[in-house]
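Heads up, the next two complexes both have subunit A, just with different partners, subunit B and then subunit C.
Take a look at the complex of A and B:
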């Protein structure tokens, strides 16, 4: 179980590789150590909350039917640019399901790599390229989320805003609607609705 | 008062009211019990529904960590005044938001309870999971606590209604039972009244009123029929008694008339016999041979005896016709007088006579004198073989006799008690005539006198050990 999980955790392939020649028992024993080492250096509390929010969006947004090839295809949470979550997000979505659908985390370096993604967190590292990235994603039914300041102004859908220690949502409902996405009114309530060109 | 002794009217009403009251009470109790159980189920269902609604609304606030919004959503619960506590827990089971906002921690469970609602300590409490997408993990938990006031309000209302219904129904039942019990009690009471009237007044002419053709009607009819039969039989009996009495009186009169005329007629030839034998013995005694003189003497004695017998019979038969002339009578003095008169009969014997102090009686003096003459002369007669003869007159009080019991006792020859029943019959004699002379009418006469006074006479004796005659003379 732990072994399979480790394989699924994309970021830790090197661990598996290093111990591949060792016996299965030793491998299994050290899988725990590897998981521990991931937990030893968790992301900041802020990013932990943001990771949970990313996962929660999977439940509070609806995608058009064309976004999934079939009912078993995983719902993919993508990270573009530098990954602030580390293994925490992987651990979080591990074994989780949205209805029948499993979850998967993928990391992208370039916007052109993005295929079959449903929720995309655009890292702050990409802030300078928002105006190039967002138009590429349009029409792909990807819920775009970022915690960078100008994200929604450039047509991003959701922005995490830190307000007196609390993380709040700014949602560009029109942008989501344009991509065929429906965001549950239940999170629009706690969120602040914004439109493109505004924060 | 015991139930079986209460009047039938009250008994019937108690039965009707008791039965209907119990039935009504049980019905109301069953209804309220059913309502109580139903209401508990309904309350659980309603709270579950409310929980679902609130939980569904709260998912966003909990998922995106917005306690402010969660509190706002929970505050909608104030529309339901029986919800006394509510809170949301996040995914990790930490308290996230509460209602009312100022509720102290002590009023809330520290961690979520198992899902579902149940009654604990008089409250309906429980949890609903917060799930956004069916099949996914829960986002948090909603806790709701409702007091039972709604149920108690309802039970109070039902209780009030039940009391009202029972009171109203009892009133109606009372009125109805008053009316209906008459159907049964009236004929029975009428019957009872009639029966009482019949037994009190011995009036068999009254009839019970018949109220219908049911069993009570039949009973009344049978009762009336019985009364009619008794009345009829009484009439027949009375008529028969009157007839018999008349017949007996006639026969008696006839017999007495016959007796006295026979006695009169017998006296005439007897006088001739006595007269001529007297003449023969007084004047022609020298003409008669000694043999004939003895025969004539026997004829004269025989005729004298017969004359006495006729006298006795006449006086006995006259007793039946004579009216009693009751007056206060000094019995003691009478007894002494009679003894004095009879002195001549025992001249030459040693006789001790004792007369005790005797009470006065209300009786016919002439007849009571006859009683004492007969009893005392008998006592003297049958004790003359004793030396000394003892004759005693006294009185005793017996528990079974209301009036004093007089007695005459002697120490004479007595008699065998097996013959005691023959003692008071006419011409009944227990001793041979040549031993003790007599006609056999005396005690019969005594008994007749005593019985005409309403009294009783009996004797106690033993062969050769004296005899005692007891008699009473009641006032009237």
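Take a look at the complex of A and C:
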């Protein structure tokens, strides 16, 4: 505490920079010692619930026949950008089937890598590139979902919004229809319907 | 420079009391801390993946997923008068500064004094330096301990980066600390994760003559997000009552950055900084110059579903040179620690402590002086709060206290008890009793006029903290899924309010700053929100209030009754937000503020109007008219020196890329 007084009294505020650096190192050291226990930690409650929503979309949306090569091709849930779900999503859909069809999770770094995907979760890390990503996906029968601001405004189909601690859905039904997708009223009813160009 | 005798006595006395305070409270905190480690490691409460999969969409939507690093915000069930202004509200209000955005909270009195100064408070005793409101930006207190109040002209950021403004009317001292007497304004900015990509802004208008802003957000490494921003504005003069310009036009340039790192699932770091420089016109020889820099770091570690540790450190430096008056430099260094954990199933505990050093250096002028000119003060606080679930989802009791120590007055206790009863999802009744204090600031103790004896106005070495006992009762009701109404009523009893006491009565002068007044206030704040159609929302707020002050029994007080009351008896706000189509928005606001009797400010009505056009997802163009009903109107201060606020129009364009 004496050093704080010294800094504040002396007016040599730049000295704080030095202490700041030291402080950051200490924090990093603390973090490092804590990292082992954290390695297998599940995602936050928010992303656990969002993962379950993705699973629900797999159940309650219908794709045109052309979206699947045959009856046994898996329904693919893709994640574009940083993965907030970790192994939780893989565990969640393991051994699940939609009719005869198994579920699979794939991760993509870039939009051009996306092939044979049915539900695409676009991570917040991609928010700066929405206007480049979404046009590429149009006409591919991919249900696009994100929790980033302005996703539906840029033409995305489903946006997760957290309102007073609860997850709400905003769905651009028109955009989904345009790609040949049908979303069940079980999901539509509790959701907010948005039109093109709106959040 | 050697400290003066006075300064030494302050710090020595302070240290002694500080040690005593530490001893008195440390044992208890150690006990709570041990209990925390023994019992606090409860596992998460979210259902298993298998159970989650079996829930319906409706049930999934009912799960509270609020980040475990924060106390879940069940706004509807909160036992205090809280209003939240969202980022979208701010955008659609056309606000161009934080004070303008605060007009959206109908539980505040917001009066513009001139081109740059604002009087803002909740629940009475408003003033240029409204000293009973605590204002925080991302957890950094911007309440100036020199003047007791907020310099609103330097509290700014890119408004597009604001996440929300929480306005709590009523004491928040237990959680927030000293000076949260009449209310707390908690301003938070978005995480860098949520401001990715570029944004360019530009605007021209009659009052906000030119403004420009830019922000860019990107990723430094996986999971590490940053944004940098810069902004500039040039504002015109306010006017005198006869319409002449009053030479208070000003310009400011500001920039900053924020980095957010979600290291692993249960650790997150934030580092942010701002710097600004401004030049403000005044009547007199030269412009007022202001500049400052601040930096804040925050670490949150999640221990379990309802348990976390938070550590926050910040440094804030401000400089203000008012030619002909004084020059001040103020350095604040602050450290806060907080730990939250459940105890059994019925208790949710939060405890923590904070340490702050405030040092200022003032260059005085012959007209008035802060003596001694250079002071450093240490403040220490510790708090504990227990949220007790008496009946699940029905009745919650929150008991807490803050213990605060500062060099002027020693230990202060700020306890509170709050209860919220939610008989069903549509109704909440809450009540609260709390004690809060405003600790003396430099202006109370150390301001002398003129700078050398004999003084006409002398600093008050006996000024003690202003004290408040507040009782509150509130009710929220969801009348229909589209209509929310909330009512908060309060009765406040103040003691030891600041006064000026004649030293040699019956002579009116010299006077000494003292604690010779007491006061009372009572009122009701009513708000209603109505989603008339999906495209049309209406919001209304009405506040009715009476504020009184009088000399304390035995005080020599030349203070007359209500000498420090500068509050309107009623205020009314109505706001309409209307989406004309996917591309067009049309928003309007009307406000009525009744007269301020003491200052003969007449009651007034004013209206703002905004039209917004989004030709594409990346562009937004808007035209905003402010204070449209009069050429110019006064909002605060006595006639004579008073400035008035003109009708203004401006247009703004923004482009995201």
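By definition in this document, the second predicted complex is superposed on the first by the 159 of 199 C-alpha atoms of A that agree within 3 Å, B and C clash if a C-alpha of one lies under 4 Å from a C-alpha of the other, contacts with A are read in each partner's own complex, and residues count from 1 in each chain.
The rule we apply is simple: a residue touches a chain if its C-beta (ideal position, glycine included) is under 8 Å from a C-beta of that chain, and two chains touch if they have at least 3 such contacts.
This is a predicted model, so every value here is computed, not measured.
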item	value
Contacts of A:44 with subunit B and subunit C, given as first, second, both or neither	second
Touched subunit A residues, subunit B compared with subunit C	C
Partner chain in contact with A:98 - subunit B first, subunit C second, else both or neither	first
Touching partner for A:167 - first (subunit B), second (subunit C), both, neither	both
Touched partner set for A:132, first subunit B, second subunit C, both or neither	neither
First, second, both or neither for A:53, with subunit B first and subunit C second	both
Which of subunit B and subunit C A:187 touches, first, second, both or neither	both
Where subunit A meets both subunit C and subunit B, residue numbers	49, 53, 56, 60, 96, 166-169, 186-187, 190
Residue numbers on subunit C that touch subunit A, as the complex places them	44, 46, 49, 52-53, 55-58, 60-68, 72-76, 193-194, 196-198, 217-219, 222-223, 225, 263-267, 269, 293, 295, 297, 299, 301, 305, 311, 313, 315, 317, 329, 331-333, 335, 355, 357-359, 361, 376, 378, 534, 579, 582-583, 614, 616-618, 656-657
Subunit A residues touching subunit C - in the complex, by the definition given at the top	1, 4-5, 7-9, 11, 13, 16, 20, 23-24, 27, 31, 34-35, 38-39, 41-46, 48-49, 52-53, 55-56, 60, 82, 86, 88, 91-92, 96, 124-125, 127-129, 131, 148-150, 153-155, 162, 164-169, 186-187, 190, 192, 195-198
Parts of subunit A lying in touch with subunit B, wherever the complex brings them together	49, 53, 56, 59-60, 96-100, 166-169, 184, 186-187, 189-191
Subunit B residues touching subunit A - in the complex, by the definition given at the top	57, 59-61, 63-66, 69, 132-137, 139
